[in-house]
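Next come two complexes, and both contain chain A; in the first it sits with chain B, in the second with chain C.
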Partner chain A sequence: MPEGIFCNKKPIETQEELTALLGDTSGAQYYKEMKELDVDTKLLWTTIQNTCKSRIRTWLEICAHCGMCADSCFLYLVNDRDPKQVPAYKIQSTLGEIVKRKGNVDNQFMLMAMETAWAKCTCCNRCGMYCPHGIDMGIMFGYLRGLLYQQGFVPWELKIGAGMHRVFRAQMDVSEEEFVETFQWMVEENEDEYPGLTVPVDVENADIMYTVNAREVKHYPEDLAEAAILFHAAGENWTIPSQGWEQTSLAMFAGDWAACKMQVENVYAAMERLKPKRMVGTECGHAHRATVVEGPYWAGRKDGKPPVESIHYIEWLAEALREGKLKIDPERRIKVPVTLQDSCNYVRNHGLRDVAREILSYIVEPGYYREMSPNREHNFCCGGGGGFNGIGLFRPQRNKGLITKRDQILATGAELVIAPCHNCWDAIRDLEEEFEIGIKWSFLKPLVVSMLELPDHMKPEE
Partner chain B sequence: MYEFITGFMFWLALGVCLTGMIVRTILYFRGLQWNLDRVAYKAYPVEGFKGAIRSIYKWIMPFGTHGWRKQPFMTVIFFSFHIGAVCVPLFLLAHNLFLKEKLGFSFVSINGGVADFLTWLVVISTIFIILRRLALPEVRILTNWYDYLIIFISITPFITGLMARYEVGSYSFWLLAHIISGEILLFAIPFTKLSHVFLFFASRAQLGMDYGIKRGGLKGTVMDW
Partner chain C sequence: MFKKILFATSATEASDHAARVAFNMAGPLGAHLDLFHVLGVPTRGFSQVVLDVKTKEEVAVDADYISWVEEEVKNYYANQLATGVDCSIKVAVGVPHREILRQAREIEPDLIILGGTTGADEDSVYKSSTGSTLQRVAKASPCPILVVNRPAASFWGGLSNIVFGTDFSKASDKAFEFALNIVTSLNCELHIFHALDISSKNMGMSMQQDEIDHKIREAYRMIRSKYVSKMKDYKNYSMNVWEGIPYIEIVKYTREKQADLIIMAHNSRKLDADGPKIGSNMEQVIMRANCPVISVNR
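The block that comes next holds the complex of A and B.
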């Protein structure tokens, strides 16, 4: 059977297709069909010829097979140093073979490549820092994911995720109305405590346009309230766009580059429509990577930058605390051992290693902060990056992958882990569930809200 | 025979090697595409250049990076091999006399004792490089016959050179073997994995530009290699 009903080479384009695929519980039929899915070897080879240029070809060619990348990969370390988990082996035996065979690979091969690309690599890019030749295998796995997606070999959840972006321009089925209404509802809920709290919608020329992760709208609406409270307390002139509010991109994890472009152009259109001075995104790693770091390239922007200056939430928060726009009550600072999870997507991949630490210097009582080892751009992936968290088929592999982070956290002796990234936050929550090491985990927003020193006019009437 | 291999063959090997390196380096950089690689190379030439230089500099310094410091044994054998493998061919007195005669110029020459020491260092570190390949499962799984062929092509000029140097058996035989193996090495450089002789710099420069521009460089973050 060349093309299945659910598993095929065609991206999800309509809500009906999306509903049908969601109805296939856990992708049971989807994965059954995948075992029969043909490989369009001609398309595969043509795509490689058109898109695999000197950077990746040279990487594949000059790899010295020295194995120095092995120790850099948490999945190698955590899987009892299985040689099949060496990054160079993983990429040479998948992308390397496809290129060597000029695209002549079969269904079995593609199934193996899919498992390698999504269950043996989180695209954390750490190996690239440890290769003497500067070979970044995370980048090559991202590229491989694109080839696999084009052929229909993509995990069920990510086919859905990419489809969501195509249909809703959001990673979940959240409409524009739902987004605005949820935000407004959460603001109303908090009005009594914070008089004057509002959520300005579609205001032009604001100082800040705020974008979020659809999960916040669907599952963690208190995050929206906290964002509003902090902008309000800082006296910011901010707004949310009713369209183009979703910053994330599961399409990036799926390798659906066309959907990545559609998604990010929607956000850029909001910037061009509302002309804010800056965009601030929520506490999410891959959302920042998708919209701020990679997005400009998908949208064909030659300067590699979004239409307006776009910053991560931690950059805004650090600035607000530094400039005294937000004041912290010293009595309410964190007084338990606390550590920080550096997110690969904006620390290793956008250089924001010192910003979160600056925030911690304001909100943690001196003496309570513990660094993980390694840290900053050398930190290990949380264990659930690159879509790993969300793929049911690879859940056992993901759970094993959490052990690295568990042990890093345990070594710090911290009771609280601050994770200003949705993916990391999820992974740390899951590792606590899985291993019960007795830690708490948090985004920055609720912590800062809990220790805010409000100006008198913002305090609730007695 | 000697005339032919030190004459025509020498010129051919040198010409193929140099032309090959130049052509491949040009093709490499022409093949970098800002939209496919997702790095705005041309928009930020200064930041890109700084990132590239730093990425190369850090990695050619022994123990200069986290990666080197993490694997001290590998670092020692790697640099022992490469320092000798680069310095002896270029700075051996006998080579320079040959160059002077052929090309009319020569590089500075190193003292004979130093050259002997470096050559032995190359040979000994090669033995360790091979042992490492055989001993460590994470390296063994990557290793194939091609890796050994590359090692063989790289080490033969040094071994034959030593044999000639100590006049083991027939000097003229070893000298001839040395020159032929050296020329094979020159021919192999542009067309095999030995292209890393120059593509190392290209590839390191590329990742350096990536970090220098996109992954933090424009934010003022200096990558901690």
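The block that comes next holds the complex of A and C.
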């Protein structure tokens, strides 16, 4: 069977297609069809010739098979040092082979490549730091995912996720109206407690344009409230765009390059429309990577930068605390052993290694902070990055992948893990469910809100 | 008085007592009962997987599953539904307190009735944030919420006798307006009660009796000026001020008055990080009372 009803080479373009695919519970039929799906070898080879540039070709060529990358990969470590989990092997046996065979691979090969690309790599890019040649397997797997997506070999949830971006310009079915309405609801819920709290929508020339993760709108709108409270308390001139508010990109996890471009251009259009001084994104790692680090290239921006200066939430928060815009009540600082989960996507891959630590220096009572080992840019992936968290088919592999993080956390003795990243937050939630090690975890926003010292005019009437 | 009642239920035994109150109330009052069940909490990042609150199993939620759960809820309440109460059923996916509040925002009920806890608050999804479903709904609810915790609290033989407990806060003023509205429209007796806290405030030092007496006189004066003055010619009331541990005194007083309902304000703005169900006076009263408790927040 060349093309299935659900599993095929055609991206999701309409809400009807989305609903139909969602109706195939757990992708049962989808994966059945995938086993029969033909590989368009001609298309594959043409795509490689057009898109596989010198960097990746060189990387594939110069790998010395030294194995230095092996110990850098948490999936290699938790899988009993299986040689098949060595990053160099994983990429050579998939992308390397496809290139070597000029795209002449079959269905079986593609199924193997799909499992390797989504269940044996989270694109955390840690291996790239340890390779003597600087070969980054994470980057190459991101590229391989694009080839697989084009051929229809993509996990069910990610085909849906990319489809959501194409239909809603958001990773979940949240419309622009629902986004604004939910934000306003959260303000109403909290305005008694924080007099004057508002959510400015589509205000031009604001100092800050704030972008979020659709899951906050859908399931955890408290996060929106907390963001509003902190901007309000800091006296910021901020706004949200009614269009272009979604910062994340499941399309990036899926390898749907065209959807990546559509999604990020939507955010950039908001920046160009509202002309804010800066964009601040929520506490999400891959959203930052998608919109701030990689997005400019998807959108073909020559300077490699978004239209306006774009920073991660922790950068704004650190600045607000440093400059005294937000004041912390020292009495309410964290007084339990606490550790920090460094997010690969903005720490290793965007250099923000000390920013969260500065925040912790303000909000944790001295003596209670414990570093994970390793940490900063050397930290391991949470175990669920790159889309791994949400893929049902690879759940057992993902759960095993959580072991590294579990043991790192246990070694710190921390009771609370601060995870300023949605993916890390989810992975740590899941590892608590899976292994019950008795920890709590949190984003930064609720913690800072709980210890805020409000100026008198912002205090509620008694 | 109550035209629309939102009954948030786990559709398990834990909600049975609340269900009895909900149906017994909606029927005679001719109210529409909006039966609302949150079937599960989204899990696994952006996946479609949901942790079913009843079975504690991970399920892949689709339209079939939702209508199956709706059918289950319908079967669970088959007897009550057979009585002809005007009732609709809705099943949702999400974090329970948030979905209950979302539904309340949509339908604007006059009252939310909360079923008992399923123990789901112990699940890992809740550990990330503070407070129980009850606390979080109570904190943000746009309308009063009625909670039934003990089986003994669920017998509802009509309303004739209501206790209003006050700490003289602003929220208590709102609770009083609500209580007055009920007693005048249903023509029942109102017992206005204040408990003078002699437990914690003095760091273990016992108050002089003169001071207690003085404070009790002061409280009576407050009741007269704050509440009695607003009751115009409504004469079917009594007022009392007792000293002790407030929640214990309220429960004792209610028992003595054989009241059918307690109305109080939920003052706490902060969610408790630990011991989600114990803490404020409100929650202690809910845990201990022999009748349903209505919490008014705004």
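Following the convention adopted for this analysis, the second predicted complex is superposed on the first by the 462 of 462 C-alpha atoms of A that agree within 3 Å, B and C clash if a C-alpha of one lies under 4 Å from a C-alpha of the other, contacts with A are read in each partner's own complex, and residues count from 1 in each chain.
Rule of thumb we're sticking to: contacts are C-beta pairs under 8 Å (C-beta built on N, C-alpha and C of every residue); 3 or more make two chains touch, one makes a residue touch a chain.
This structure is a prediction, so every number in the text was calculated from the model and none was measured.
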item: Combined model on chain A: chain C and chain B, fit or clash; value: fit
item: First (chain B), second (chain C), both or neither touched by A:391; value: second
item: Comparing the two partners chain B and chain C, which touches a greater set of residues in chain A; value: B
item: Partner chain(s) touched by A:25 [first = chain B, second = chain C, both, neither]; value: second
item: Partner chain(s) touched by A:146 [first = chain B, second = chain C, both, neither]; value: neither
item: Touching partner for A:88 - first (chain B), second (chain C), both, neither; value: first
item: Contacts of A:161 with chain B and chain C, given as first, second, both or neither; value: second
item: Chain B versus chain C as contact partner of A:255, first or second or both or neither; value: neither
item: Smallest distance from any CA atom of chain C to any CA atom of chain B, in Å, after fitting; value: 26
item: Those residues of chain A which chain B touches in one complex and chain C touches in the other; value: none
item: For the chain A and chain B complex, residues of the former touching the latter; value: 51, 53-55, 57-59, 61-68, 70-72, 76, 81, 83-84, 86, 88-89, 92, 128-136, 293-294, 296-297, 300, 302-304, 348-354, 376-378
item: Residues of chain A defined as touching chain C within the complex; value: 22-23, 25-26, 157, 160-161, 171-172, 185, 189, 192-193, 215, 218-222, 250, 384, 389-392, 395, 422-423, 425-426, 429-430, 432-433, 436, 440-442, 446, 460-462
item: Partner chain A, residues of chain B touching it in the complex; value: 27-40, 42-44, 55, 59, 66-67, 70-71, 74, 78, 133, 136-144, 147, 193, 195-196, 199-200, 202-204, 206-208, 210, 213-217, 219-221, 223-225
item: List of chain C residues in touch with chain A within their complex; value: 42-49, 60, 62-65, 94-95, 98, 101, 105, 123-125, 127-129, 140, 170, 269, 298
